[in-house]
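The letters A, B, C, D, E and F name the chains in turn, as written, and every chain counts its residues from 1.
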Amino acid sequence: MSLFDVGAIVSALHDARDEWRDSQRRSREPGSREFPSREALADIVESLKGALFPMRLGPPDLRHESEDFYVGYTLDSALNALLNQARLELRYTARHEPRAAEDIDAQAGAAVREFAAALPGIRRLLDGDVLAAFQGDPAARSVDEVLLCYPGILAMIHHRVAHQLYRLGLPLLARIAAELAHAQTGIDIHPGAQIDAGFFIDHGTGVVIGETAVIGKRVRIYQAVTLGAKRFPTDAEGNLQKGLPRHPVVEDDVVIYAGATILGRVTLGKGATIGGNVWITDDVPPGAGVTQASLQNAPQRRLV
Amino acid sequence: MSLFDVGAIVSALHDARDEWRDSQRRSREPGSREFPSREALADIVESLKGALFPMRLGPPDLRHESEDFYVGYTLDSALNALLNQARLELRYTARHEPRAAEDIDAQAGAAVREFAAALPGIRRLLDGDVLAAFQGDPAARSVDEVLLCYPGILAMIHHRVAHQLYRLGLPLLARIAAELAHAQTGIDIHPGAQIDAGFFIDHGTGVVIGETAVIGKRVRIYQAVTLGAKRFPTDAEGNLQKGLPRHPVVEDDVVIYAGATILGRVTLGKGATIGGNVWITDDVPPGAGVTQASLQNAPQRRLV
Amino acid sequence: MSLFDVGAIVSALHDARDEWRDSQRRSREPGSREFPSREALADIVESLKGALFPMRLGPPDLRHESEDFYVGYTLDSALNALLNQARLELRYTARHEPRAAEDIDAQAGAAVREFAAALPGIRRLLDGDVLAAFQGDPAARSVDEVLLCYPGILAMIHHRVAHQLYRLGLPLLARIAAELAHAQTGIDIHPGAQIDAGFFIDHGTGVVIGETAVIGKRVRIYQAVTLGAKRFPTDAEGNLQKGLPRHPVVEDDVVIYAGATILGRVTLGKGATIGGNVWITDDVPPGAGVTQASLQNAPQRRLV
Amino acid sequence: MSLFDVGAIVSALHDARDEWRDSQRRSREPGSREFPSREALADIVESLKGALFPMRLGPPDLRHESEDFYVGYTLDSALNALLNQARLELRYTARHEPRAAEDIDAQAGAAVREFAAALPGIRRLLDGDVLAAFQGDPAARSVDEVLLCYPGILAMIHHRVAHQLYRLGLPLLARIAAELAHAQTGIDIHPGAQIDAGFFIDHGTGVVIGETAVIGKRVRIYQAVTLGAKRFPTDAEGNLQKGLPRHPVVEDDVVIYAGATILGRVTLGKGATIGGNVWITDDVPPGAGVTQASLQNAPQRRLV
Amino acid sequence: MSLFDVGAIVSALHDARDEWRDSQRRSREPGSREFPSREALADIVESLKGALFPMRLGPPDLRHESEDFYVGYTLDSALNALLNQARLELRYTARHEPRAAEDIDAQAGAAVREFAAALPGIRRLLDGDVLAAFQGDPAARSVDEVLLCYPGILAMIHHRVAHQLYRLGLPLLARIAAELAHAQTGIDIHPGAQIDAGFFIDHGTGVVIGETAVIGKRVRIYQAVTLGAKRFPTDAEGNLQKGLPRHPVVEDDVVIYAGATILGRVTLGKGATIGGNVWITDDVPPGAGVTQASLQNAPQRRLV
Amino acid sequence: MSLFDVGAIVSALHDARDEWRDSQRRSREPGSREFPSREALADIVESLKGALFPMRLGPPDLRHESEDFYVGYTLDSALNALLNQARLELRYTARHEPRAAEDIDAQAGAAVREFAAALPGIRRLLDGDVLAAFQGDPAARSVDEVLLCYPGILAMIHHRVAHQLYRLGLPLLARIAAELAHAQTGIDIHPGAQIDAGFFIDHGTGVVIGETAVIGKRVRIYQAVTLGAKRFPTDAEGNLQKGLPRHPVVEDDVVIYAGATILGRVTLGKGATIGGNVWITDDVPPGAGVTQASLQNAPQRRLV
């Protein structure tokens, strides 16, 4: 006799799926999964890393002489794979408001074309991030060590790619790319966040940066820093209002030490230094230094 | 001449292993590893994810028409693999108190049969977790995005599976399943924790939930929240007392913001809101809001 | 017509690479990547884990009778692979100050030989770490569970290997080995940190231990503990001064609870207990207990 | 300096490709390969083998209880993959005579639907082939050994599948499936050949069976037997005439020993026995036995 | 609507399987495949090749210093895997005549133990085969080329292993090992064939050597040579009689050129030379040379 | 107790290896395998196939637009891998007659450079082979089918590559490349054979073409054709004389049907037709047709 009645469990799982699909008003039409794939995105980002940094993150047997060949082939392949995923996202988004297939294809094509054109700029930004890390960490021995070892750099490669996808109307692909880095580094940057040049995250585990955060040039942050939202505004019917600016603005040359939490649409002024573990929900003037001690001594900047 | 005397190192490592085995009073009988395998568990949980959510987490070429076929085949294979692992755990546990092989097999079979029967319920609970995440995060665009991207959901799939294994007397398999999620998400939920419906963890990195924690319905927590133990009671001889309730009880509709630390068998009353970074070792009444400011102004709820 | 002008992007990426290489004063000579490989290190550490704990972390079909055979073969292969990586690091380091190839090879050989000889000692230290975890955690059921499941143990296997590499003049290989564990566990231990016997990290996500930290025997720490630097001293020209002792000294039998932050070259005296989330930048005397409450009541140990 | 001027070779290879494409009057439009894939067919046939013989050629962990689940899932996936390949073949064929995409899809769908319906009959035929081998070879110990080990059975599984594809207007897919078996077994059966029940090929290496051959029931042949064409008729302009019957008809119960060569549209009558290495270009009457000796003594059946 | 009614085909395939199982009098009990696995044998033979010739057919990074370690580990693992397969074969064979499980295990253990003891002798025989090929082929440049490139050597490695298995009562495992070589080389040697030292097969495609063939020392044969049976004797009831000597005896120093066919229990005397393509069904005296011309001129050795 | 005494077998195998090495006068110095690798050659040939026919044998997602990128990258990588293998072969050859490492590197470099330059010519020759197959086989439907399916084409891709390697002083690499095709197709062409344009092998299993064979333009041969040596001349001391012309010369437009055997340095004149299964050891005049019947009637061309 068999140990399990697999048929009965299959049937009960079938019922559970039907309940869910009915509750979500989904059809039960035959067909295959029409949804972007995490595995596909992982391959695409891996290829883009190779195309951006061929001699460091490309194949180990690559040689200088054939860098351009490698970049061209890899890029063409990755961009076409991205095009497929872009179509899947746009079709999924369009499932409630039918659009012509040609429109979707045209939009996907335009987005990926623009994405491709942005890649050289992304490489330059990332070079700046690498330099910032090298200059900001006394333990760093070379820029190559930084590129190869630092989780903050890995997170920024994913973010600068993901942010482009987000800007180009592909927020789901962007989110998947961001989460791939989150899983590897413990650094959670929403693809919507705007991050200017020379950004350095040290150690990084536990960092959270929200969707509408705006970060200036040469900013440095440490592990477990949160740039979050204070509350989620709801509209008259109590629904969450999406897309409102609700995360901090961090101006140029700010440093934020480990564990600090900055919540809401506040501004950390140019050159400010935020001490470890502090909790901030108000603006900080340019050049100021905030520590737990200073907060306790300065009730006008109290915790709320 | 050879660079290393490998033979000498092999021999010294052999001695080190013998020391350890002697200190642990282990025999040196011939034979193979008789211990559950992390790789096997990883495959099993991966299969269960596919069986629970075939069109989203199953194979990319799966089609609606053959969902049940896929679920049936995958489940039968995964449950039999689980049965093997269950036997290994039970035999390992029985190494100090010999039992009949038939007893072990019967216990393993009963446990896996009950586990299988619980799967449809697990699917329904996870659907509720997905909905809770979708409704609780203004950045979420669809339930599918939540299922595919949110580390909190991945952690809960593992947890709801691991908790069943824990309940059924397979704490080691449960622990392995939990640690697989911990490694990917930074979310560390002990499989013993009891978590009711509609649970949502946002961002998640650094969350720690202890073995005897009890969490009600519709609870929401953020990154780096700890539901921990205050101290470990020891018995008269100074040995740790295992299994005593030592982690918090969180009632329905509680929200706990990032970095909050709740320690010991305290109760957070229904609907309470715990602010970020606060440190709590006493009960919080239903509906209360606790922030760092409120703590400083309310000495009766002081930090200890 | 083609959707992308791949040629143009290839050319723009080529220019971006040239800019970077010029700015870094790198030649554009033909040739292949001459740099240690993360994948190679991952394989090496994986082999070393098998050689150190053959019946638990080696191949599942290994049998007691052939442990030594397995260890000998695996070790010889891993040590030779490590030798290749050591040469790559030393050549890379020597790119600014040319040395004879024979010197580099001799140095690499000596380092790997010494590394090999240290392995039995590493195994003994790790056995002690496993025991410490087993004894320190009421949820642990067996030493095998600890070895197989606990991220803190995984981090310490990597660290004890990486620290040897660091000591032997291979800091880049050491760093790669450390980051491999960081990515899997969220525990970030700099390979320079000196950690004595019986060290236990529970949960672990978010732990950061800096390069010059010194940790005594039987120390226990929890998730999100930072042993960091307070500031980075610069020399007369404003350059970071590297290698100065700038992280805490933690004496024997200290316990540090979750989220505590210890910064600078301070000493936590033997047997001290540091409470969760506290922020310490001064010495703590032996046997002392420090909590947030005690800090608030004791201004002489105030937060700065 | 680089050892090769890769750029020059790339350019010369580009020219060679252009010459070929011009000579074949192919456009140079952008786009991807639109052609059936050997790898895809290999996967499909592998899946079909599992679906036809689940407990012998399916996954090793399959259990009786879930055979139907496995068959259903595997079949659905393989048939959809086949549908894709069928579309590719039909589109390729249609490149010289444009057809509506809908027509192609409809034809592909009809073909694959009919193919699927034929599978149970194919299984029964193959069971008969296995029995014939078991009964015909004194070295065979069980039907399972025959199914698992005999190259002749592998060739017949591929052939019976390939012949269906051929009949349904997919000669290229059929050919690929046949060549996959040819590469593994050295048995080259054109998918057009009609082979009735109970066919047994022993040893098999070097067997060649041509496109228009017709083979009756219970026929047995040995290695290096050729059922070939004598000459290729050409039309008035000297072009090969395709599709004419030009290979032998082998009636029921014929045995053909190793190395025999039968050429042209001749008939080997029911129950005839053809000796090893003989060369036949004329009809053989039912029940006759032909050996090299008999040929030399019977000039009316001489070699030509 | 779905294109295929997969359910109907699944059901029809189910019926076809039931028919077959009924016709073979098989039960339909639940359970998994209990039958030796081609994949498992392939892995075992691959490991044995490495253990027999570690520096040529073992892992590419193997070093002389750790040969014995590698051999010991690989052998232990392969022999235990072989033990599992041996048990499967013996249990399968015992399905019609039930035996105690202990008997089967004891027999499997004894067989594999004897097999292991035979390996050094097999290595010496294979060394002799390599030398014979090197000395017999003017195109051979080194013994290493012979070992690495010659299909005849690959076939003999498999055969000498398979013959041991056959001798030890494991004919099915033997057959699988033989067919693995057949598929790669086109050389089909039945594992029962007895082949003495210094055997060389050149080119090899199409060679067939039957179960009861006996081959002396220093024999050389070329492609497409058959050492087959003339007819299959049947008993009084017309059943094939199994195990009777029915293939040729080839004495020492015989050479058989390409395409020759030798059938039945005939003896080719010591030092005889058999020309290409000849067909022999009678004894050949020692030292004789047989060609097609000599056969035509000597009617007493005519073709029958 | 353990079932096998693995240590004893390891030791006996060690002795067997020592015997062999002593008999071959090999040192027992430490070190790794320094010998070309079959796996490496397989990868190289696979890459070259992609570089020669990018849209048919390259990666399935390749697009016309990036053909040159793919070809350049793949070629550079494959040629450098080939360079490594060439060095290994030349060093191995030089083990009996020491040469300066620089000389070996220079020779390897020159050989691979010349090889690279020959690739466009090889592509053109192969295009001609494909056309010849398409025009010569009434069953061929398109040139793409020929390229993808015909074993004769696969054999010729390997041969034209292998012949270049042979010509450039790398006979071992050439042989490995040839045997890779032999294993897949049953077609055994020695890399030394000179084969002019438009060569077509149909079916192919069992074809053998010897080292000094010379084949003209537009030659067509069928399965099991042998172009072999009649005897191996020995010098005064009885050693095989290597390198002498000993295989047939086949002039333009010859057709050789299945199973024909042509032995020795004979010439088949332009346009001759050789019937199936005939055995030829003398010259055949231009335009002649030879069949078994004609041979029997023409004693001056008798079989010897």
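Basically, a residue touches a chain if its C-beta (ideal position, glycine included) is under 8 Å from a C-beta of that chain, and two chains touch if they have at least 3 such contacts.
None of these values were measured; they are calculated from a predicted model.
Chain centres here are means of the Cα atoms, and by that rule the chain farthest away from subunit D is C.
Set against the Cα centre of subunit B, the chain with the most distant centre is F. The interface at A-C recurs elsewhere; of A-B, B-E or B-D, the pair that shares more than half of its residue-numbered contact pairs is A-B. Between the CA-based centres of subunit A and subunit E the separation comes to 59 Å, rounded to the whole angstrom.
Chain geometry summary: the mean Cα position of subunit C and that of subunit F are 52 Å apart.
For the pair subunit B and subunit C, the distance between mean C-alpha positions equals 26 Å. Residues of subunit E in contact with at least two other chains: 2, 4, 6, 10, 30, 32, 61-63, 65-66, 68-69, 71-72, 75-76, 80, 186, 205-206, 224, 259, 277.
Remark: subunit A residues 3-4, 6-7, 9-17, 19-20, 23-24, 28-33, 35-39, 92, 171-172, 175-176, 179, 182-183, 186, 188, 190, 192, 205-206, 208, 211, 224, 226, 228-229, 232, 240-243, 246, 259, 261, 263, 277, 279, 302-304 touch subunit B in the complex. Within the complex, the subunit A residues that touch subunit C are 51-52, 54-56, 60-65, 67-68, 71-72, 75-76, 79, 83, 109, 112-113, 116-117, 119-120, 123-124, 127, 135, 138-139, 141-145, 148-151, 184-186, 203-206, 223-224, 258-259, 276-277, 291-293, 296. Residues 2, 4, 6, 10, 32, 63, 65-66, 69, 80 of subunit E touch subunit B in their complex.
Considering their complex, residues 59, 61-63, 65-66, 68-77, 80-81 of subunit D touch subunit B.
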